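Chain lettering (A, B, C and D) follows the sequence in which the chains are written, and residue indices restart at 1 in each chain.
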Amino acid sequence: MGIRAGFHIEYECENETPMLLVLKVHPSRQSDLRTEQTLTFNRAIPVRDYVDVYGNTCTRILAPPGTTTISTEFELCDSGLPDLVPEQAAQLTIQDLPDDVLVFLLGSRYCETDRLADFAWMRFCQTPLGWPRVKAIIDFVHTHIAFDYSRADPCRTACGSFIDRAGVCRDFAHLAITLCRCMNIPARYCSGYLGDIGVAKDRYPMDFGAWFEVYLGGRWYAVDARYNIPGIGRILIARGRDATDVALSTAFGPAILTHFEVIAQEIV
Amino acid sequence: MGIRAGFHIEYECENETPMLLVLKVHPSRQSDLRTEQTLTFNRAIPVRDYVDVYGNTCTRILAPPGTTTISTEFELCDSGLPDLVPEQAAQLTIQDLPDDVLVFLLGSRYCETDRLADFAWMRFCQTPLGWPRVKAIIDFVHTHIAFDYSRADPCRTACGSFIDRAGVCRDFAHLAITLCRCMNIPARYCSGYLGDIGVAKDRYPMDFGAWFEVYLGGRWYAVDARYNIPGIGRILIARGRDATDVALSTAFGPAILTHFEVIAQEIV
Amino acid sequence: MGIRAGFHIEYECENETPMLLVLKVHPSRQSDLRTEQTLTFNRAIPVRDYVDVYGNTCTRILAPPGTTTISTEFELCDSGLPDLVPEQAAQLTIQDLPDDVLVFLLGSRYCETDRLADFAWMRFCQTPLGWPRVKAIIDFVHTHIAFDYSRADPCRTACGSFIDRAGVCRDFAHLAITLCRCMNIPARYCSGYLGDIGVAKDRYPMDFGAWFEVYLGGRWYAVDARYNIPGIGRILIARGRDATDVALSTAFGPAILTHFEVIAQEIV
Amino acid sequence: MGIRAGFHIEYECENETPMLLVLKVHPSRQSDLRTEQTLTFNRAIPVRDYVDVYGNTCTRILAPPGTTTISTEFELCDSGLPDLVPEQAAQLTIQDLPDDVLVFLLGSRYCETDRLADFAWMRFCQTPLGWPRVKAIIDFVHTHIAFDYSRADPCRTACGSFIDRAGVCRDFAHLAITLCRCMNIPARYCSGYLGDIGVAKDRYPMDFGAWFEVYLGGRWYAVDARYNIPGIGRILIARGRDATDVALSTAFGPAILTHFEVIAQEIV
């Protein structure tokens, strides 16, 4: 299956503003790219890429005063298969987890494991270890939170979603990640394109999406607490401890997002 | 100057409990060690070290049911000089910061930069860039928070300290780190021995301490918002985004700390 | 396209022998796995995975005296498309290369850039920058070395292949990598399954293969100097500076490989 | 003890030449710096620092046509104590080595472990494990190689020194590292200032020096096969697998070193 994806974003800055962008397809999908994937700007500005500790490609720019547009469009091939459901994958004991996975058991900005541990153990300790426990968590989160774009709040944490019972895809992810970590199941946050393929077909307007991954049976599996069914055609951009690490843009100064358009369509 | 340091810690677990310890002197101080530094346990248990993404030595153990004691004692040489005060060090622009430093501008579990940014800019935007701004922040934090062991709270964040106006050394560090990051000054959390040397001479009982580092003029400098004077004889154990990353112990199951004793004394 | 792949390997050790294995599919292909991928041993032995600085999954084992067998078999989905040929991709100037890419310009155990630089510049300086230069290098290597299994030599370096004019796939890769690096084109070594798909259809018996990647136009592209045509169905295991970093097994003591069998077949 | 150190280096380039410099004091000594440590150039050129996978501070510059000078001078405090001799430190089994240490058992550009393994085992297998074995290796290397500045050869490997029996400090280090690795003792290459302090008092003219570190009893210890006595006042610049990783400068194009001056003196 071929996917054509990209975006067009505009920022308005009063002053010269350094920005950190996490907008390139993740290196692990690089070999699936069938065209170049270049960030294009509306004027010549300083741009530099680097790879962060989580393996994401980050881009540093210095946005001049006025309007800065950032665009890309590329083609990528994809299996077209839905996310694998690890029904048989065992939950590893803490002792058997690789060292680099342990950090995804700890708390982070939007995932207050220390605050939700008691609830998590009370609610999920009876569920069987492994996938059934993860499934119980995403079922809970999927039902507990009502999706509502109008109630998006960039400061809302997992505790916030737990109390507010409303949010957007990042809130579903943060709460589910937190509960998994509380139950000693490593979980990490993912951002990327979801587009109009598979589960997200009805979504309008198109947008970047957030989901997460759990570590079971010796590898990471993509899971989605918002849609709660296996997705098709995800294009990973970045992974991290939570949304802090993979913010599409972090502006070090005032920058107003004035236009935002994402595409991710099957090539037919 | 020679320092003799170490600790004796006891945990009580009902079940076999995996634990993650961050208790060894940081690799950057390894060449100052004049004796071996080994963690000793009261019984033979599985132990393994690894280095995390921040460069800290972490130790994984599997504590058996019952009492587990962990001890170490070692000698180390130290300059005996107080923390350098970077009065002339320039505050680098965001563009000039090295890539690996950027993560220390982002929010983290106990440092809600998104929530405190408005206050920080309002309060500190008039201060001169660089060290004077850092000094204004630590002066503020030093005065704003009242040190009170009895009000220690492991879940308290920077916002919590800001509101509660009480806390222990980690709270001073978290609030100061958050305010520095809000002002685009990279800041990272440090834990280690402070002992009875220099600023901490009056402290009783001895304990591990928390301080932080700011990035100015191309390097990191140790700063201490609790004591607010240059310290002598710090022995770094670990650095991270905040206390989450350098918790002395993270138990993956119930574990009660039943004894805790730290020494760090000048050898005379 | 589905691929079923795996291997069966046997080692004979007289004494207990620690071994380092690099035999698991690379994390970047993990999301394409449709079944679990577990290393199976003929007896219970200590096994532990970790991720090295290049992002490869490494496995540490302690092989007991006698025969140790290691097997795996798994299914994976693949685009079925040939390696992308980056005909239009620009060769970045050194200044524009990301920091993490620079190490792949330096010499390494089997890639003596210092010894081959003069030849490389003499021979390839007239070729156009970018892909045409890479193509000239792989054309040269493909013709210069005669493939000959009987002349495999695990100590042979790029200079060795250059002089001997004979070797196996790793020698093609090492010489081409070295020449690319001499010409300031970052190049890294790859190992993995090639199987009976695409270019390697005629190969007998099946084996793991070596190829390499070059950094052009902002990303890495797979290239193969042995076959010199775009491959289909490569399954990456590991990347590194050269074969040292991705040896399928490194035994710290005498260990004799007594059986070796690899499969990688299209599922029809 | 205070040390004043620095250098003055001049390069002559015909064309604009990108260079990679590893010339700043290692981050692990940063807290000992009592003054700023800035690289100064004779004209305004693009400069950028980053940290490599070994934890070294690297500097990227674009040297313009003509003469480029690079200078620094700084003060640092030091214990004044000689290198610790780990007489009692145990040699860990391979199984007990931390994951991040394993790479320092593998071969590298100038350390052909595969070629020298047989000699190493024949020669050193009777020596007691741990420090006595390391000492036997450095005694051997110290005697086997004759120090001779006039026979410096930047392409010489450990095998080359073994055969030539002549070389400079880097050759002593490479041969000793290789033999240690062959005997399953992790060893890594170090570069830095040695100055006129301690062992190097008689050296003329002053220069940067190379030594190495071995991993025994759970930590790294500095060792010097050239002088074969514990050194005083080493100032570490960088560590790596061998000289490739820590070259003071790597020029990507012709660059002639026209002046070179290093100081490292005790402040009295």
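What to note about this one:
In this section, contacts are C-beta pairs under 8 Å (C-beta built on N, C-alpha and C of every residue); 3 or more make two chains touch, one makes a residue touch a chain.
Given the structure is predicted, the values throughout are model-derived calculations rather than measurements.
By the residue-number overlap criterion, the interface of chain C with chain D counts as same, with over half of its numbers used by both chains. If you average the CA atoms of chain A and of chain D, the two centres end up 43 Å from each other.
Per-chain Cα centroids separate chain B from chain D by 31 Å. Of all residues in chain A, those touching 2 or more other chains are 50, 99, listed in ascending order.
Viewed as a network of touching protein chains, the structure reduces to one closed ring of chains, two contacts apiece.
Taken pair by pair, the chains that touch are A-B, A-C, B-D, C-D.
The residues of chain B lying in touch with chain A in their complex are 18, 20, 46, 50, 52-53, 58, 60, 62, 93-95, 99, 102-103, 105-109, 111-112, 114-115, 154-155, 184, 244-245, 250, 252. Within the complex formed with chain A, the chain C residues making contact are 27-34, 36-38, 48-51, 55, 77-79, 81, 84, 88-89, 98-100, 217-220, 222, 236.
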